[in-house]
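Read from first to last, the chains carry the letters A, B and C; within each, the first residue is number 1.
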């Protein structure tokens, strides 16, 4: 499964107007135990995201897809390679610079149950990024109401604790927190995987609506091809720490060029008996 | 596995050297004038100096330690400054007493704590409350206070057991049993209370695991699931607590041996530390550290055997 | 939870309130010693030695003719004061280092851990005796040493909790929000460690008091000052002559420590019991009533037939909360029925009712479940167990947690066949090998010797299916069997289920939320919403022409047919915001 030059070309290509530009990114985690070998989770990854664009990043568990997002956010140490955000190299940004970057760079995590502190009220959680940027407590509280309205939550939600809300509502809170500082880029790390089908759709619609209105960019990480295809302008497929294919959403998800993408596509079942029978037959023939 | 044991023993040896060095250094800091203590206030300064020199006390502390260490690795722990006994021999004579005590308590604790813990964890309800109350009592009452009460009731009032003294096992097994029963009992209450709590918690934890439901779904009887799967999985955390209890027991043994007048390591500690008899104190410190290292190793090996995931490659 | 609410909860707990009051009383009495006790604790009048209680001396006199009450009160000052000193040292050493080690990890953490292990390998009593020889018999110095010795318990506690919190996503979110480490610790970490530290303070105070009294009891304390331990020592010397001397110091020590431990327990309960637990009282389990709607139009299927099933959970106040309201469904041999619904729809509860394995507090309150024509609702556990494994089998959602980590794959596969089929060790091993072959695991001999943590999730799910198939069941209950797997492994597992259905005539009740999985393997589908089946039919029918509005909503949310997003346009965003 080595990438051919033809496959590699789009992922290594750069856009002069990119907001986020990642090149040859390598991340390793130390092995468990003393002197255990390091495991490399990203083996030279390149991608870019333009203003107002959504790049979907799809892969299986352990492929390293979430690690890319975490590296951009500075939550895992970068071994080598570059991460350029808005013209500035940030792969080794110091804590002070990181704190300033949070104004432009935000995140929505997968699990809406553990991404909100269970003992803090929704209002408190939403005020957190504002306080982090030095906004006064009173003003921060004032802006919380607007944020709640932005994600279609009732304004009395501010005084309540996360446990009083459903998974979908909590994810809306997480979205509101990410939006609080009006960022340029939001890393969406499997934001709907823990949600029910109907809730998933409403949360995705909300993310699209916000993007249309504010022009924010998304790096949208997911294991679900259908979700990525619906959300992304372009899609990158990652397998064992390497990006195997990048292209327009329609192309990658209907006429994939790489074998791995094809297997992935044919293995994802569709909710249509005849269609799924065809997919299965194709998968059987392909392997 | 052998590799693991070898590495642990090596780590234990390093610990032993570090602790022996620190202990020696600390013990040498206060200038208890050993020579004066030995010879009495009336002795002449020159006699005292000579005595100190004969004990090697006129040398720098590091040299003293190196001397001690060189002898110790060859198994020679020196002689007591105050009684002129051979330290190795003196400790060896007293070891069986403390060993009987420890082994007795460990045996009683293992059996009772597992029985009570499993009973409480599986049955819940009244059994559970009983074990929890026992836990509070065992934890709250200082061991020596409980010992005093036991002595008062069983030795002073009922006269079932002697209040004081020790008979060796080889001299008279029944005499040994009657002198060791009360001490073992008084030390066991706290450790049974502590360990049974852990077993209870571990059993409740294990019962909540998904695989227990899967085993039930395969139609296996509850007793088999509890005694084969739950008990094995619950044993590992319980064992590590048992190991920690052991360290605490060494402290408890000091008090209990003192109360019952048992000629063991514990009462020896009280007598010799008060006098600042460095060779004896060093031997006692080394003995306890070796004991603790060996117990922890044993516990880790047992846990590795019980839980393959914890096994060190 | 707010501090005030926790405090109120502790005090409302009878044991908590009582022990708090007792502690307050003891502390107040000890502080007010000069006011309460009329005598000097050291003043002795030998003629009154061993005198019983009298007006002047309410607790009597000790062996040297000193007033016991005065000695208890003044002794408490030394004992409690010493414990307080040890506690302060332990907190000052243990908490900050634990915070840093847990939050930062790395080299500081390793070094701190090594030191802590070293200190914990030392028996406290022996070290204290040695310190007394070295540092002299000053009780305060000994308490400082004791503080150092018990500091590891705070270090370990704090480090453990902080390391856990450190891994929480909300801490990552706070970092990304631009909060500094000190702010994150103040906002997210300190609030979590506060409660456990309070509990530990009470417990360590008890230990410190006991150890201190133990030292005094050995005569290694502060010489002639009155302390509870020294009083016990003196009582012990006179145990034959005046055993009652043990009573008062023993009571003071015992009550103080009991109050501390009980208070710790009450604080723990107040912090933990935020959500009420179901009443644990064992109630007589009434047999389920016959279903109200048992006259369902559909004829009952041979293999599994459920009619009018309701499931309820006991609430703490004794009432029931119904979660499944009258479910009908049928599974025929050689058929896969998909039970589809979102979280909380009651689909898993329905599946567990069929197995007779509802979680604690749950029970079937009404309805009928027949397996091979035999009623199983309300069946005794013994009889239900006989059905499980041989007729009914179960495949769970999460493959890893459903294998016992302590036993090899082989041992776990052999156990049911030895139990149910009475096979010997050798035959059971052969059977296990055959089962692994059935689920298409390459190299079965090697796999049999492996432990669960040594195999992949997909392989573990095959092993679980092999275990479920071990006694040749007729009906498989599969609860989201592929949800935890990657799509490629999911496709393989679904293939396996399809083959078992076709080759063995196995009936399957497949619980899932994934409509793609339904389209792939199910013959028929039952859609469940809020505890009710809203629609049942063939897979083509349900996915192709759903009748129920809920089914339609569900299908509308599927993104398979949604168009892919169009390529990015540079001005897309700007035109809207302008």
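Just a few scattered comments:
The criterion applied here is as follows: a residue touches a chain if its C-beta (ideal position, glycine included) is under 8 Å from a C-beta of that chain, and two chains touch if they have at least 3 such contacts.
Worth saying up front: this structure is predicted, and the values here are computed from it rather than measured.
Interchain contacts link the chains end to end along an open line, per the touch definition above. Of all chains, the one whose CA centroid is most distant from that of chain B is A. Mean C-alpha positions place chain A and chain B at a centre distance of 55 Å.
Distance between chain B and chain C, defined via averaged C-alpha coordinates, is recorded as 31 Å.
Looking at chain A, no residue sits in touch with two or more other chains.
Contacts from chain C toward chain B in the complex involve residues 118, 120-126, 129-130, 132-136, 203, 206, 209-211, 213-214, 217-218, 220, 232, 235-236, 239-240, 243, 246, 250, 253-254, 257-258, 260-262, 265, 280, 282, 355, 357, 385-390, 392-394, 396, 398, 401-407, 415-416, 419-420, 451, 453, 464, 467-468, 470-471, 477.
Residue ranges of chain B in contact with chain C, taken from their complex: 15, 18-19, 23, 26-27, 29-30, 32, 124-125, 136-137, 139-145, 148-149, 151-152, 156-157, 163, 209-211, 213-221, 224, 229, 232-233, 244, 247-248, 250-252, 254-255, 258-259, 269-270, 273-276, 281, 284-285, 288-289, 292-293, 296, 306-309. The touching residues of chain A, counted against chain C in their complex, run 17, 50-54, 60-61, 73-75, 95, 98-103, 105-107, 109, 111, 114-117, 119-120, 125, 128-129, 131-133, 167, 174, 177, 180-181, 196-201, 211-215, 223, 226-227, 229-234, 248-250, 253-254, 263-264, 267-273, 275-276, 280, 283. Listed in rising order, the residues of chain C touching chain A in the complex are 1, 168-170, 172-181, 183, 187-188, 191-192, 342-343, 486-488, 490-491, 494, 513-520, 539-540, 543-544, 553-568, 570, 572-574, 576-577.
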